[in-house]
Structure formats: C-alpha cells, structure tokens
C-alpha cells in the first residue's frame, strides 16, 4: 500500500513545462481548454467567411467575390462552424466539466481524449490548406451532394481534401464519443446513481450515443464518395446504376442527429445555469432526462425531412413529417421546464442568465419555424430558400451559440479562476442578441418571398432586405470582438474567483463547484461520496 | 414530498472537497486515473493525419509519396504500439479490474461504431435493390456461390475454434488453447486466400470490376472493407497468441484475448450477412 | 392560313410580350400573398392552418418568459425562492397536449400532401423539365417543342404536369408563386402538377448546382388558352416527339422509372 500512496503522491512522474506541457497533457481540463481555444480561433475564421458572404450579398451587382469563391466560402463557413466550432466547443466544455460533475479524476481514457483533440489539427490544416491549392476549396456545400461533388463536376482537389478531413474529424469524434460513454457509465463517484446524474452529463451521454451511431454512417458515405472520385466506382453515378439520392439518405442519417449533437449539450448547460441564477432547483429533472433521450432516439428517425422536395415517396414524406413534428414535443418539454425552473425564483440577471433567457426567445422562434418546415406543403414552399437559412441559424446561432456564451460566462470562473467582466458581458449579450435577430429574422421573409439559398447573387427585388441583413452583421462582429477582448482582459487579471462564484450553495449543485477554481490537476483531493 | 436531491453539499459524506496538497489526503481508490502526460496521442494523431494527406498525394501521383506513405503508416503503427505499451505499463499501477472493465466497454462501443459503418453499406445495397427497377443490374454476372460458401464455412468454423481456444484457456489448458488459436489464425488466412482468389477470378475471368456498376462497386467495397477487418482481426489474434506464448495472461487479466475474440465474432457475423446479401439474396 | 388567323396570333403574341415585360419587372410572387395556382392556394391554406394551431404554444412560452423576467427578478427585497421542482399533472399536460396537436397538424396535412402529389390526373399539357448547368430545358412532347434557356409558357386553368430530371447535377425547380418546388435529379424523374392562373411567375434553382447556381433563374408565363395555342403554333417546329415515357402518378412510385427514363437522360 505504501508504494501505491507514493505513486499517487507523485501524480506526475514526468512533468513537462510550457508548450511541452500542453502538447503532452492528458488532463481533461487542459484538453478541454485547448478545445475551447481552438473553437474560438476557428470561430473567427468561420465568422470572417460569413462576413465576406454578407459583404458579397450586400449588392447583387458588386460581384466582389467570384461565384466559385463564393461557393467555397459558403461551404467552408458551414464546415468550419459545424465541425470546428460548435462540436469542438461543446466537446471542450464536456471534457472540462463531465469528469468534474461526476466526481472523477479524469476521463476513462485520458490519452484517447488527447488523441481526439490532436486529430482535429491535421483535419483543420487540410481544410484551410485547400483554399490555397489549384481549384480552391470544396465548393459543393457542406452536404457535398453528388454529382456536384463528383470528379466530373468538381475536378478540383479541394473536394478530396474536404472528404479526407471530414473522415479524420469523424474518427476523432467517434473516439471522443466512446470516451464520454465509458467515462459516464463507469467513472461516476460512489453513490452517484443514474437519477442523481447532473443534466449536463445526461446531455453528453445522449450526445455521445448519437455521435457513436451517426458519424460512422457519414464515414461510410464519404468513403463511397471518395471511391467514386478516385476509383471510378458507381455508388452515386446514375450511368452505372447508382443513385445520387442514396447519398442524401446516408448523409442526412448522419446530418440530422448531427443537428442534435450540436444542441443537446447546450440544453444540458441551460439546465444548470437557469436554476443556479434563479436560486431554485431544476424543474422536472426526470422529464428533462426523458426528453433528452426522446430527442436522442427520434432524432435518428427524421432525416428525410431534409429531402421533402427530392422526390421521395408520399408515404415517406408522411412518416418523416410526423416524426419531425413529434420531436418538437420533447423539445417543448425542455423549454417549459426551464421556464418553470425560473418561475418563483429570485433571478439574477447575470450575463449567463441573459444568454440563457435570450436563448429561450430565439430557440422558440427556431423551433416554430422548424415545426412549420415539418409540414410538407409548407416545406415545399420554402425548402432550400432563405427561410431554411433563417431557421437553422436561429437554432444554431440563436440556440447553440447562445448556450455556449451562457456556458462560458457561467463556467469561466471555474476554468480560469477569474471572473469575466459582467459589464462587458452585458454589452456582448445585447449586441449579439440584437445583431443575431437583425440578421436572421428578415431571412424568413426573404425565403417566403422566394430567394433561394446558397446564391452568390439574386434578383433585384431582394436587394433592400439583403442590405438590411448585411448591416446587422456589424453588431455580431462587434459582439465577437468584445467577447474576445473580454476573455483576454480577464486572463491578464489576478485569480480572484471564489470556488463557487454564483453562490449555488443554496440550491442543489453539481460537484464542480465543490472544488477549487481552477480545480487542481487531480480535481478532488478525495473522491466525493454521494449519499 | 421530498424527492431525491441531485448532489448537495450536505449529501457529501467526505466534508470539504476543496483542494488539498496532493498526497496528503490521497489514498488509492478504484476510480483513480491520475493524468500522466504522454507524447503518444499527438504523435499518433500526426501520423494518421500524415497518412491521410499522403494517400491524397499518392492519388495525385506525387513522386515518392508512396514511400512516404509507407513510412507514415509504419510510424503510426510504431506510435500505436508505443501507446499500447505505455498503457500496459501504467495499468500495473492502477486498479486493473477497473481499467479492464473500462477498456472492455469502450471496445464494445467501438464495435458498435464499426457496425454502423457496415450499416451504411448494407443500407446502400438494400436501398439500391429495393428501389431500383432493374435487378440484377445490367452486366452483373451470376456470382458463383460454391467457393464463397466453403469460405463462409471456414470463417464460421474459425469462430468456433476461437471459442474453443478461449474455453480451453479459461480451464487452464494453455497448450490446447494455443493450438486452437493457431488453427483459428490458419483458417483466417485461408479465408483471406479464398477472398483473394475470388477477387482475382471476378476481376480477371468475369470482367467484374469495381467500375462495372453500382452492384460491383458495393461488392468490392464491402468485401474489401470486410477483408481489411479480417486482416486486423488476424493481427490481433497473432498478438494474443504471442502474449499467450509469453504467458502474460491469467484467469483474471486477459482483456485483449476477450477483445480479439469479440472482434473475430463480429467480423464473422458481418461476413454471414455479407454472404447472404451479396451471393444468396 | 388566312389573315384573320395571323392577326389573332400576332395580337396574342403581343399580349404575351406585354404581360411578360410587366411580370418580369414585378417582384417574385409568393404563395402566401398571391397564390397563383390551386397547389399554392392549398399549400398556403395548410400552412396557415398549421401556424394557427402551433402559435399558441409559442405565445405561451413567450408570455411565460416575459412574466418570469418581470415578476421574479431579484429586487433585493429578501424574497425567498419557491421550493417546488416538479408537478406531474403539469408536466403530463405539456407533453400530451402538444403531442396531440402536432399529430393532428401532421395528419391534417396528409390529404393536402396526397392531393399535391397524386391529384393531377389527365393533364392537359405535359412538360419535361430538364436541368442543365445552368439553364432549364423545356420539352413539350405532345407538340414537339423543345426550348432552352427561355420562358416556360403554360396554359391557364388547366392541369399542367411537369416531369423533372437533370442531365448533370441536381437542380431544384422552384416557382414560389405557383407553390411548387421539386428537385431535378440525374437518373430519376420527379413530378409536379398544378393548375395555374394567368400571370407571370418568377423562380430560381434551389439546389446548389455549381458556380452559376445563383443565376439559374426560372420564368414562367401562364397565358389564356388562345394565347397558348398561338404560342404553340409559333414554336411548333418539328413533328411530335413520342409520348412521354412514363407517367408519374402511380402511388408510391418514384424509382420505377429509372429504366424508363433512360430515353430522356442518355
């Protein structure tokens, strides 16, 4: 026994410093921070692409950006935002918080955890590098539908690099999912039964399950796409008896769960933030948990609502319409439960809470448009128009990004030991909230009025609205700058955050608030026992 | 009605959990995974990234890319082996039963994700079959089933021999276990030989190649992907045999033996489905 | 052909020309403000129906949000937070009632969907719409007309049936004023029917199809029957093509045509 104690006493037999420390770390907290920093950097790249897109659309006659480059920007904006920003930042917060919340010292496979992060770097290099090769980056949209992504219509090698990068990112995500699943199943502190699991951990369990089952299908579809390009196989080539529509089925079998992968951890975070800021316990814990699983299961049965106009059969349209509507029910349960969590509370309007309540507003709008899109006769009217662009930006920017802001403001003190400026935070919130609604709300109208998505130019009647939208982007840009400045400024200050800055003592709280801010390398001096 | 609380400070029996100096209050507990820094993850990630990029360069026909690809693949294998070795060393300091449980569970989740990749291919072939009007597609030869049927019997048989090997091992009959293991490996190699012959026959004699049509593409990618899995399975079995030879397993610790067994059964089940789908159905 | 006929055709052509110029200058019509076909009217009505059923739940959420923010904010008066954290009847209600409502909304749309899909029997005019990078080709097999990169001319108040396919990548045929959108896929035939009012309708490709996707516009001119006949007369240049290879109104059928469509695609 004495030797074992000694072993733990030197918990770091080889301790590196500086850069080497970060390169070799297997500490879930450091990996989580790297994920978050990486996501912020990519957020700036992806956001800049959005800025260029809005600049080009400011006037249909400017043609500042060639249509080919426009398609590259649009494709990469989506790819970066989805794979390198949203998934990455949720993975970062999940990495940081899940072991803390379940009272563990690390993930189940700390080295695999580091691998999941590092594998993103070559993928990102391939994605960004593809801008600089002949023919430029991939131009087929993030769906990369064949035949547009086939060798015949996309002869440039950006498409090849894109496919390889997506497969690499898939490998990392699958490994991450396995790690989360095993960690949550096996490494809970003694006494932490399933019904005592914090909701953020539940949300990551469901997310990991969706990642595990959805991403391999994308990899399979991508391998077939690549072999069509490289080996002249006939998977998606009608001339050889293949079918491009099948790619769409495979892609959206991944693609729709992916949408929930990008929002469920956010749901989980809100279930911590809203009760904490209302000084109340979360309302309907079991309902919240069941709703997460309902989304995690039904989410696999709705994929073809992305294909309502692709010529699928009437019966399929009916089924997918019903299933897509059904998924709004658990989502609604969550919205109402959050409102009930705040009901009767004593609410502190911190920045985190502002983002959380702002999220409810924007996400409900995104949910409403989503419900409407599940009604096939309506969907046919606006499918692949700016209405859909508005819808998914409401759920991804108004949904996921707002929860991320809320989560960062809430847990930043825990992660860094420093408080973010609430004064600047208020500005970040209002600028972002106004800018986000300014940009995306009019897109609903543009879509209903008949402006197609993914276009580099448009009919003259859409010009005033597009100019209005592009102007709103400035608000989001300033919010982003201010947010980044706020983080950098906080990092230069001395560590002043208490262990529990939000005073969650009064309500039930998850375990991360029980340890120091920032937590020591081993998280807890003693593994907590939960009664 | 007071429902079960999540976790409150009052439900914690251990009192204050705030940071204490490491070592002072520490005692070894079953959940301990002290984060040990390691170069292997970043080295392997770099290797796999390089493999992907070099595959692309080989496709472009860049000179020397093939050599570099082989080097990168070898490097990745070395990194993976180094990683595995580190884990084996570290596990000696940890609760092996706990890590064994974690690894086994992780391996099952890994198999689930593998199954989902095959699911994509099965979805492809059944979708094409049931929604296309022309089946079999033009240019599709009647696939000869007798030889693949023998191959199937061999692979299914190898699942049984492997099972015998594991049972013998658990009963402590090391020699019998090793013999059954060798037989399993041999049968796997024979199966691969059958597959190679079948590919050569279809490609050469029947002019049935990857580019013939959607069915042939699916045929080759599915059997090829499965063949790759058989190869990986054979590598795992060989490694296990080697470790058996070195006497590294005992009744409690034989996680990699079980993993190789499950992997082999998985590959076997996939083949049965493949055989049914591609040859019989 | 006597001069009266010529005069009739010429005046019809002039009327079309004028309508086209006027229509091209006007903004794109949308199915909610100015539905131009039976399909658009139905879809718009169905959309409003769904919207009205769903909107109460959204409004409840908004109202609760405002109430929460105003009533329960920390006013610094030492008020203690409430202790409740579950209410089974309430949770049951907000699960079951929305479930029933969305199921009813979905079910209500089924007959409309079915009609939109299978209602267009015995079309008066059949047009094969073929997507190219980056223009549309319209074939009228009954009349032997094949035009490209031009306005699609159709008769008013008659069942028009579009069979869509593509020769290269996937395109999306979208004319909001007519309430129609359907992808044109290589190797497949998709189908869309409607009965339109006279007027000028603008649309565009909705499925990313390459660099000029944004400029792949659609113009449809729906004209009274006599003008349509005049237009046919003016464009009839070759003997009638064989009848369309496949009719697409068979229930559930969307892939049976792969063999049959080869005449179009290759």
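In order of appearance the chains are A, B and C, and numbering begins at 1 in each one.
FYI, a contact is a pair of C-beta atoms (placed from the backbone, for glycine too) under 8 Å apart; a residue touches a chain by one contact, two chains touch by 3 or more.
Remember, it's a predicted structure, so these values are computed and weren't measured experimentally.
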From chain C, the most remote chain by mean C-alpha position: B
Chain closest to the assembly centre - both centres taken as Cα means: A
Intercentroid distance (Cα basis), chain C paired with chain B, Å: 48
Centre distance in Å when chain A and chain B are each reduced to the mean of their C-alpha atoms: 29
Separation of mean Cα positions, chain C and chain A [Å, integer]: 32
Where chain B touches two or more other chains at once, by residue number: 3, 131-132, 134
Residues of chain C engaged with two or more neighbouring chains: 85-86, 254, 258
Contacts with 2+ other chains: residues of chain A: 242-243, 281-282, 285
For the chain C and chain A complex, residues of the former touching the latter: 27-32, 40, 42-44, 46-47, 50-51, 54-55, 57-58, 61-62, 64-65, 68-69, 72-74, 79-87, 90-91, 94-95, 98-99, 102-103, 105-107, 109-110, 112-114, 116-118, 133, 168-170, 172, 174, 176-177, 179-183, 185-188, 190-191, 202-215, 217, 251-254, 258, 265-266
Residues of chain A touching chain C in the complex: 66-68, 71, 139-141, 145, 147-148, 152-153, 238-239, 242-245, 278-287, 309-315, 317-318, 321-322, 325-326, 328-329, 332-333, 335-337, 339-349, 357, 360-361, 364-365, 367-368, 371-372, 374-378, 380-381, 383-385, 448-459, 461, 506-507
Chain A contact footprint on chain B (complex, rising order): 3-9, 11-14, 17-20, 22-29, 31-42, 44-46, 48-50, 52-53, 55-56, 59-60, 83, 86-87, 93, 98, 101-102, 105-106, 109-110, 112-121, 123-124, 127-128, 131-132, 134, 137-138, 210-218, 220-221
Complex contact set, residues of chain A against chain B: 1, 4-5, 7-16, 21, 23-28, 103-115, 117-119, 121-123, 125-126, 157, 160-161, 164-165, 167-168, 171, 174, 177-179, 181-182, 185-187, 189, 192, 195-196, 198, 212-217, 219-221, 223-224, 227-228, 230-235, 237, 240-243, 246, 249-250, 253, 281-282, 285, 499, 505, 508-511, 514-516, 519-522, 524-531
